[in-house]
Amino acid sequence: MPVLNRIAGYADQMKGWRRHLHSHPELMFDCHQTAAFIVERLREFGVDEVHEGIASTGIVAIINGQGEGATIGLRADMDALPITETTGADHASTIPGKAHSCGHDGHVTMLLGAAKYLAETRRFSGRVALIFQPAEEDGGGGEVMVREGVMDRFGVKEVYGIHNAPNVPFGKFLTTPGPILAAVDTATVTLRGKGGHGATPHVTIDPIPAMVSLVGALQTIVSRNAPAQDVLVVSVTQIHSGSASNIIPEDAWMTATIRSFTPEMRDLAERRFREIVAGQAASFGVEAVLDYERGYPPTVNHPKQAEFAAQVALEVSGNVDPDSPREMAAEDFAYMLQARPGAYLFLGTGPGAGLHQAAFDFNDEAAPIGASFFARLVERALPA
Amino acid sequence: MPVLNRIAGYADQMKGWRRHLHSHPELMFDCHQTAAFIVERLREFGVDEVHEGIASTGIVAIINGQGEGATIGLRADMDALPITETTGADHASTIPGKAHSCGHDGHVTMLLGAAKYLAETRRFSGRVALIFQPAEEDGGGGEVMVREGVMDRFGVKEVYGIHNAPNVPFGKFLTTPGPILAAVDTATVTLRGKGGHGATPHVTIDPIPAMVSLVGALQTIVSRNAPAQDVLVVSVTQIHSGSASNIIPEDAWMTATIRSFTPEMRDLAERRFREIVAGQAASFGVEAVLDYERGYPPTVNHPKQAEFAAQVALEVSGNVDPDSPREMAAEDFAYMLQARPGAYLFLGTGPGAGLHQAAFDFNDEAAPIGASFFARLVERALPA
Amino acid sequence: MPVLNRIAGYADQMKGWRRHLHSHPELMFDCHQTAAFIVERLREFGVDEVHEGIASTGIVAIINGQGEGATIGLRADMDALPITETTGADHASTIPGKAHSCGHDGHVTMLLGAAKYLAETRRFSGRVALIFQPAEEDGGGGEVMVREGVMDRFGVKEVYGIHNAPNVPFGKFLTTPGPILAAVDTATVTLRGKGGHGATPHVTIDPIPAMVSLVGALQTIVSRNAPAQDVLVVSVTQIHSGSASNIIPEDAWMTATIRSFTPEMRDLAERRFREIVAGQAASFGVEAVLDYERGYPPTVNHPKQAEFAAQVALEVSGNVDPDSPREMAAEDFAYMLQARPGAYLFLGTGPGAGLHQAAFDFNDEAAPIGASFFARLVERALPA
Amino acid sequence: MPVLNRIAGYADQMKGWRRHLHSHPELMFDCHQTAAFIVERLREFGVDEVHEGIASTGIVAIINGQGEGATIGLRADMDALPITETTGADHASTIPGKAHSCGHDGHVTMLLGAAKYLAETRRFSGRVALIFQPAEEDGGGGEVMVREGVMDRFGVKEVYGIHNAPNVPFGKFLTTPGPILAAVDTATVTLRGKGGHGATPHVTIDPIPAMVSLVGALQTIVSRNAPAQDVLVVSVTQIHSGSASNIIPEDAWMTATIRSFTPEMRDLAERRFREIVAGQAASFGVEAVLDYERGYPPTVNHPKQAEFAAQVALEVSGNVDPDSPREMAAEDFAYMLQARPGAYLFLGTGPGAGLHQAAFDFNDEAAPIGASFFARLVERALPA
């Protein structure tokens, strides 16, 4: 019986797990109940080792295969979002202001499904490390798990992860060698001048002309400084200054999101951003405070692993784009791919509300496909 | 006995009136108690006529002189500001959120002092029209009084007004022929594009670059379009756009205050403002909504009357600048000077908190000087 | 004997041809001597047909193979540049102001070498169409040849071309499926205001603030309107305005070069350019004249032919990058690839002065490699 | 006989002098023939002293009055312009490329007329110093004469000068207390980046975006930094960059003219200009070279002398505006008014071509009026 068929048999059970998790969302590193639920299932399945408390509420579980061999890491993220769900589903979040609007409940379920299958069948040599991480949403839980030594401690050789993709055809896998998700950095600039009455600009240091000149100059990072054939986005997303129609404000602030796929573009953008802010501030005699915060690095698939994962995906679902366009969102699986070879894939879940929307719900039908992918990947990577 | 000396004798009484008014501030056209207090005083003084209910709570009172002659208008404004006073004075505002932070209580008191003197002494021929107006602060009470026919109905030939000036030497009068206060117009612009994710500007119509280009272009109204020897201020005072660091906003809005002294500059500024907004919006494919609101016109002293008033001021206080720099604030006495010849003067009240500040209080010492100016002006304009 | 070895035996002869052509550069469509030289050679080789006078001085020659089969087109460009050569070589240009600084002399020589080989060996079925075109440098000679029916008239099924690439490792071929060279469009904008004295901007319509606002706004085509993962360059390359330090000029003009790889980006750039010019002109009250000239389209390799050409290149030189980065220059071979499937390749010629530099000279060592590529491609495409 | 009448009798003679001078224009300090002609006349008139060779070709001549008294300086400028005259007059310039297109020939003639009168009549006590200066047009001849000690050496107490004013009503004098002509400073900025191909901006440092941001930022000196009630003009008058439509240039340069009436505005403009250039250059990574050249200071009339001159002008011509608007041109008489009290006046010469135009010619009818003004001023300032 092919993997998919066997796991399809877990479908009802998986739906139960997923909906339970969905009803009980937890944020950031505070995934205690989620972790407890996962551990309970893993013990039921009879996995060989369960290591808790990594990166606070993260878990690594080990399933040994039939013989000696390498260790393959499979990763799922556990945390929910600070969103109030509007699905109206029976299994909707029971906690106002928290919801699994990014489908990590589905990711956990996929990995539990694979764990059950692998623990039952053990048709592989070597080991599987099941990596459940908290705090993917802006918390850098993946980075913490790497820093806490997960890769070395468990001898992980390669690592793989999946993200659900609403509005991609159901069952279609997307991946690509090289960067698949962007680095996301965030800049916040405050320009401080000297406020005063709108009638007498000459006794003020007006931050508004400084701010508009700055935002204009920032456009040239992309239009002039970045190679046309490379990818860089610098979006000024907020400008705020002033509180009365007749008062020249004392300060003005802005934010920008900066997205790139390579260290070169990241460094270029930050260097130019800093130069432009400093120069424009000097030009207008305002004081600038720049907080340039580097977020997640780009998620860069390793070519060999990406190609291998695409082959597994093709076998499992018959529908894969192995050279999919990159996404400009970010993901802290990036840190795991910095530590070990591996690949990240999207799995289409068909029509529905988008990620991070209050109306989003994970499509339970997709969970067995993701689980099958994980399981079959292990079998092919570590043939018994 | 010179005017000033006689009126100096009213000083305690005037202080009482002023502090009563100060304790009971009223806003805009709702100056009912203030009007009642004024009427009560005027009747005590024995003025000849009291006309209430003009421009809602405005009053015109008539004092006849010894014989036939012209009618001189003297104007005081009555309304307070929506400010919570912080003086801590015994006579401080009893109403949270309302305060006489612009000293109109002092203006009323000056005019009452003059009324008492003129009613008692009547050393003039012709008539005095005492004009008490509500809603100077942004309400256009002066305009309404003119529109309701005050000038024609009472045969006013010339009209004069005083504003207290903190931080100008105590007792010093300032005036000038021609414009003494500015026209103040206000523009509000909303640019509507199409919002979206910060990572994908190409599927948005980003209003922020449009806004910054607009604000840059607006600088050229003053730097290129206005004659260097004329006076025009265009201050962009607020820009607001965006609510998240990773979202390109749908719209951006700004306000500007525009100040000028002549119809030519007013028209130039509005014409260019409209052209620039339309052109910049077209350039960036955003929809622009411009609300260009004309506020008070410039307050333009008539040269002969300004010179005469300066002579009276010199006689009364011995300290006058007859060619004082213009102020870029606005005043609805402007409408009265459009209707009749006349002049507006500032009267220095010495060191203290500035106008419209929560800590401001009118300097009672200055009231007899203002009252003496009004009274002596009548005696000199309409010699008995 | 492999193709390359046989053709290597022509090396001295080819060097002679190349240096003769190099000494006698001709511009644009006026390639009469060049054409005469080519025709003389082709007749020596015993080609089957020589068709002259296409696109003025262009030539198509036919070599029939051993039997029936398709027709493969091989193209070389013939024209030189309006540059005064500074190589000091014995074979340097004999004509001041004209030089083969782009190596088209080498391209002709490669194709003559291939012609000699193919005419001698005829180890293919079908036919070869040798296409020699004038006016590649900005003259659109390739477009004219297509318009004059070369593809249909000679039944060309596929078409291939080579460009020499200094400073790419000697003998290395570069190609890629899809766009390999850019579309190059050119915009010229004149803004006409009203000149006057620098002391009195208010009686002028100053074109300089309009121009700088325009150039600023144009940056946003790339920074905001173009997809970050697509490629677009908009470079403002010239701004000129004014002739005296105290005079506000009447007009200002600029040029821009716009480079893209897809019709979507070309159209987007032109649409936004037009909108921005119109909007900025309206904003500043200047009259704008925009000449937006579409140059060569992108040179887009057909995937199958590019892959095939890469295989041939690998066989011939052992060094090929089949997925080479695109170049942002343009080439009128683009028109031939619009008319027929085919591919364009660069051939590395090692260190030396760059293309279009006065010190450039084609590396004669590379000609036999290019000739071998052409010859072997025919043999593999049309096996006997 | 009033002054004017007597001098009117010199009209033909003065016309002869003027036309002779007009035919023989000399530039800058090279006014040798002009000086020789003046000296010849002065000796004819019998002036008491002639001092030549001051500031190269400048002259100071002394006429003693009837007794002891102060010394009044009267000044005329002598130099022509590098213009080719197009009047077609019989007395037109005999030297291509040189012409008295600013009417200094008329100024010399006025002062000669006054000299003749004063030498003949001597109806004054004290002394007159007739100051003929070269190099008013951008050469600073007036400054040099002051530096060479003219004021001290000849004990000049007050100094007066006249400039002809075409298109002001004939015979009307214009003057004003305080600034009558502007300071004119000139800035030249070169921004040096790194040139390259228009297709690859990322390997260049494009000076054009830097230049446009700079010019935009410079607008704010007037729109934000200068008091609205003061006068400042900053006009960017030239921008030049680039020489080919596909090449990103290495540098860009601009000029600006800056005009003001007070040291405060001059300093403010220069300070902000320097800050903006430095800041913008830093912002874009270009190297900036700024040459900020201070030209003539403002020409500031002394109030008492201006009022006195206006009274004399009224007596002489019956038509004077004593409070005329300031002109934004500059004049090196400014240096003489820095050294001594005095006044500068314009004298209307009626309709005709403007100053510095090739078609300009001085109106001979105005010379006797100017001469009479000078003469009568002496008689009133130094009553016999």
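Going in written order, the chains are labelled A, B, C and D, and every chain counts its residues from 1.
Throughout what follows, a residue touches a chain if its C-beta (ideal position, glycine included) is under 8 Å from a C-beta of that chain, and two chains touch if they have at least 3 such contacts.
None of these values were measured; they are calculated from a predicted model.
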Chains touching both chain B and chain C, listed by label: A, D
Chain pair with more C-beta contacts, C-D versus B-D: C-D
Chain of greatest Cα-centre distance to chain C: B
Centre-to-centre distance between chain D and chain A (centres being mean Cα positions), rounded to whole Å: 71
Centroid spacing, where centroids are CA-atom means, of chain C and chain D in whole angstrom: 58
CA centroid of chain B to CA centroid of chain D, Å: 44
For chain B, residues that touch 2 or more chains besides their own: 199-201, 206, 209, 213, 216, 219-220, 223-224, 228, 233, 259, 328
In the complex, chain A residues that touch chain C: 216, 219-224, 228-229, 231-234, 259, 325-326, 328
Complex contacts: residues of chain A adjacent to chain D: 199-202, 204, 206, 209, 213, 216-217, 220, 223-228, 275-276, 278-285
Chain D contact footprint on chain C (complex, rising order): 182, 184, 186, 188, 197-201, 206, 208-209, 211-213, 215-216, 219, 233, 235-249, 252, 255-257, 259, 328-329
